[in-house]
């Protein structure tokens, strides 16, 4: 049996294939207007694609969220926040207006903020910064990306923005040098498949779903996704949020990349763009994904119940198997399950082998559960935790559980 | 063993108890300024609370999202969209400015939009509408709510808004009558616990987690949450989204209600408010929940893997147990699991007993999986589906599975 | 011989008579759409008119500058400035937005500011204020004005504005009472001829050109005209200023009144209005007056030379006859003329009989001229000044001139 | 006797001499902060000055209105209007925002509009345009002006503006070249006396008061003055208009130039500027001139009466001597005087020797007066008009007057 997902994606593409509205961006006249592609990468690293998903095109503005996250990585969130705001600009026309109180660009999804973010990336001068970005983007895409050959002249609009940012001290370097570097950033050649994989790193809290590399801080990713949600696609913050509800960013070359946190990275590609510079069929595809596939931030399914893969009596003990990124609601559900277990006199085993993340508050709660089992109910507790994911709030003394490396060890210990 | 969650909430409250900054709202001088409460209700209907969670206070602006959703229920999304926008207003001062192109209030979270929403609720005149709202809110809170006794005079600001809405045809009724009704809506007495339960209905896609009643359409809930995310707390859309990331709405009486879709409803209460009218300690609590507990829209944990509770070989068949609200990413993961199963010659059982929701695209995908198992792999397939949740895309003819009412029937049928 | 001016005005009307574009305002459906009138009143009290200049219609918003000036008269400029700004609002749509820093209406030419101005006029309650305004307007028009019989219900928009002004403390009285009074103000019945005469009081610095009554302070008039110049007609301050350059205010009933300071009051009337509520043919007439007749603020002709009606040697003395409102530039020119006079040994006579105003700085300069004639040139000086218009800076002692009551006395005295 | 005016100006300067608030502009650190000067030039070409009126300083933004007028001269009003608006920007911060509907700079008084105006001046490239401007400004100042020696580097802000203007096609040339030329324009060295004389050309409708050269079209001057009135000094259009009422423009070097049409050109200089970049003592001086000297647009004295210098019976004829720029209101008054003359049977003489301008409508009206005198009253009419200023509407045939070259000829002819 073959997975039906690729066929399903093909079918979606077919729905919109005949729509030829929109125009090629005037700066990219040689693009193949008929190209159409979609790719989706899950947080466990599987990529599905359909259409011309291996066609190369310049990444353009889809580079913005990735560079923004990289700047946070390189200089820290606070330093980035000093130079770039987080509000929608409400101003499509010239993208140069700055926050009147701070002088900052409104956000990193408009050119002014993206140029400021580019300038914050590690590296001295145009070449080093462009190379730093090429290297990082290659890690995200999991193969070596290259710049388009014929590097365009920086457009006057971006030179204007660069000089203005220099005027208000939002960049410290030579504006023309910075803008040249930013122009190269936009000229990185990618495929729809590449972008989908890059987006999946955001969906997976900064960990690469394929290579497992920890590329970005979870807090930075959370921040970038928040800004994409309100500023990524339309100047009107509420419009995209209500109608699509997928944090996203488009590029003038016809790509749109989207992220559903904890679920998937998404990329679509179709070069004809509307008057706002968004790919016409790309927007249609995203609306389809949101409407028909329930891919919407506010459609997240319940997860409390599913935190623990198993909850059963096994070999004379209550056995609880946890999985994934463990957070408050998950341990809350676990605590309830433990509280209401049938046979309070049996020993308890917590199996953490499948746990991929364990927030501080979750560890505190699990520590409390263990302590109460030991102190209130006076039963033995074993925790299978070879990687020591549970280490901050493990009860000590009389309330301490037995920490073991395998399930067999756990049963031996009880 | 007692669940540690209530103790944990107590501890959070203690962290902020000594902060007495902010002022009582001038229209509510008799409130007990020291009150402090928090309540959290999970989507499976359990409410934890701490502090003065049973203290009564007027619901005020926290009523806005609920009335907005009710208006969509009563007259439909399109009719509501004609009268009320979805964009942040960026204008705290007088809350009366309307969209210049349409004349609509910017959104339903500011007074202008809330009054327009109130007017759309079923009912002739002030009394009927107020009673309709009281009834619906009582269903949400799962007990009978009452109006505060001394009904206040409608403030001049709201009368101004009412007359202006009438001028631009955003309301059709007598403005003073509408505003009187809206004033009563705001005077509904609730407790922190009530609000938490009400919020959990939004978290649970419109189904009451305790009573199971289907109170609101999922699409309306999704829409309201989207608007709360960008317009609920601050005029600046990006600020709350990046710093807290929980769709929320505050009331001048000191309450804030929040919703994490698929997870929890949240309510806090502390009557001293800041210059924007938001509860000082309430905002601090929300920031704490977001930061320390990872309750943030962009922190949603992975769910693809957890869709199916079991995936094992049981009694000579591949047994897959699905659960919860089944959506695209879940079936996608299932398809992969099936594709890669060890023994392709064994029969396959899909157990849908724990499925609570089944989107159209998911049914299509499951239908394709079944068809391919039957046609490509030529193995028997049984689906345990007594409630017929899988009914739109069940393959017919040679590709049809056996639909049974219980697991035992499934094994009998194979 | 008859003056050709009336014929000329007739001709102008004929040029635009056939233009029937625009619509009657929906609240004034019974107006005679074909009416067309113009009237011009010079600062010496002569009124020319053409067309239906004696047709009655409600004054509507043309009342705004007059009530604004009256409010300054009644409570002083500072008190008015606290409640009403002087900036164009740039916001045609709902006329309710207030200055964010002060809460004030942007200016007195939009409804919000006009209602605030109405409320500042002397009088307790609706009836007294409306009667105070009727009385003052009757003085301006030089005959008794009456309210239109069927008083309209206050429109919801104005009620909205009233309540909002009350909210931000820009009015202190009951909003509905204030708005009812304002509605009556707008319903005062006037003719085009009336409005032209009323406007001429502004053109003549607050002195009625016909009755000679001092009705308004010159500083208030100057202020009102400044506001009319930037806020009177279009939301865009620069448009009307560059294209017409006549301080003006229109009313929804189809009238426009304009003022060229020191020159003329102007009124036109044609009930069909454009989408901004300005009389279509009225605007055309004003553009014609500005373009073809050179009636533009920036077209003021030189006046320095013309300050003194005569400058000649008469009966053995230098005789200088001054006239009109004497200001700096006039006395400056006089000083030069005196300095360069032919026969420095002759006595000097200054004839002030035709002087109608004499600013402080002008008196200082004339005093200096007299002193230097007496001290430097040692010649006798006589000043004909029976009304003592020259009294603040008359040199004393050896430098004193002879002050006399008639020209004959002057020659006698020398 | 010496004119008291210079002493008076000295006195005004003394009033403000001790005020040392404000700071030198950071780009002009070598300026002499204590300099203080004032100069006033009347429309008949006399300049009074006081203080350091011959100190040289860069003209900076005071160049803007002059270049704007020159651009209209070189390419016509319509071509200029296509590229530059006439509205206040309301946006002090970065001066780069452009009209959203047209892409034009808001007005020519902000840098964006001034750079666009510079680019419209005749000349190929930076050097030619700068030289063209230097030449024209030298004509205005009536002596050869020079550039400051050390030409500054163009500031980043202006480079930003240049590139942005190029982006939106408001300039067609290389942005860096244009901005370099604009930087030189701003570096022209002038004295307070120079600026006062330059301003007097605007006050005199484009004719140089000293040289008599016709340098600018009256309609361009009218247009520039209108824009200065609303956009020249503060971002708020109404503030300067109500408080000072003199069309004006300041420069960052500490100068302010102002124009009262038909009266005077004004220049002040004091290098310490406030946070808006306006000279502190310069603004005080302008407020003084407006308040104490009655120099305010809305304070223009009556001029109707003073149009004709003489109106008397002389040698058996009614003799009317007209003067200055003859406009509608003047001929209107003349017509009245003629209509009411004492002895209707006497011949009539109109003396146009002192007429400096004669608008079309004025000629029409005078033509009608002549025709009626000839036809209705049957009296001889002579017009003294050697320069043929009255030529468009002279009646012909039986209604024709006798046109003569001197007063003696007139009496001979009758």
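The first chain written gets the first letter, and so on, giving A, B, C and D; residue counts start at 1 in each chain.
The rule we apply is simple: contacts are C-beta pairs under 8 Å (C-beta built on N, C-alpha and C of every residue); 3 or more make two chains touch, one makes a residue touch a chain.
Note that the coordinates shown come from a computational prediction; the quantities given were computed from them, not determined experimentally.
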| item | value |
| --- | --- |
| Identity of the chain that, by mean CA position, is farthest from chain D | B |
| Separation of mean Cα positions, chain B and chain A [Å, integer] | 24 |
| Chain centre separation (chain A, chain C; CA means) in Å | 66 |
| Graph class of chain-chain contacts, one of line, ring, star, complete, other | ring |
| Contact set on chain A toward chain B in their complex | 1-5, 7-8, 42-44, 46, 48, 85-88, 90, 107, 204-205, 218, 221-223, 225-227, 229-231, 236-239, 241-242, 245, 247, 260-264, 292-307, 309, 323-330, 332-333, 335-336, 338-339, 344, 356-357, 359-361, 364-365, 368-369, 372-373, 376-377 |
| Contact footprint of chain C on chain B as seen in their complex | 93-94, 96-98, 100, 103, 155-157, 159-164, 166-168, 175 |
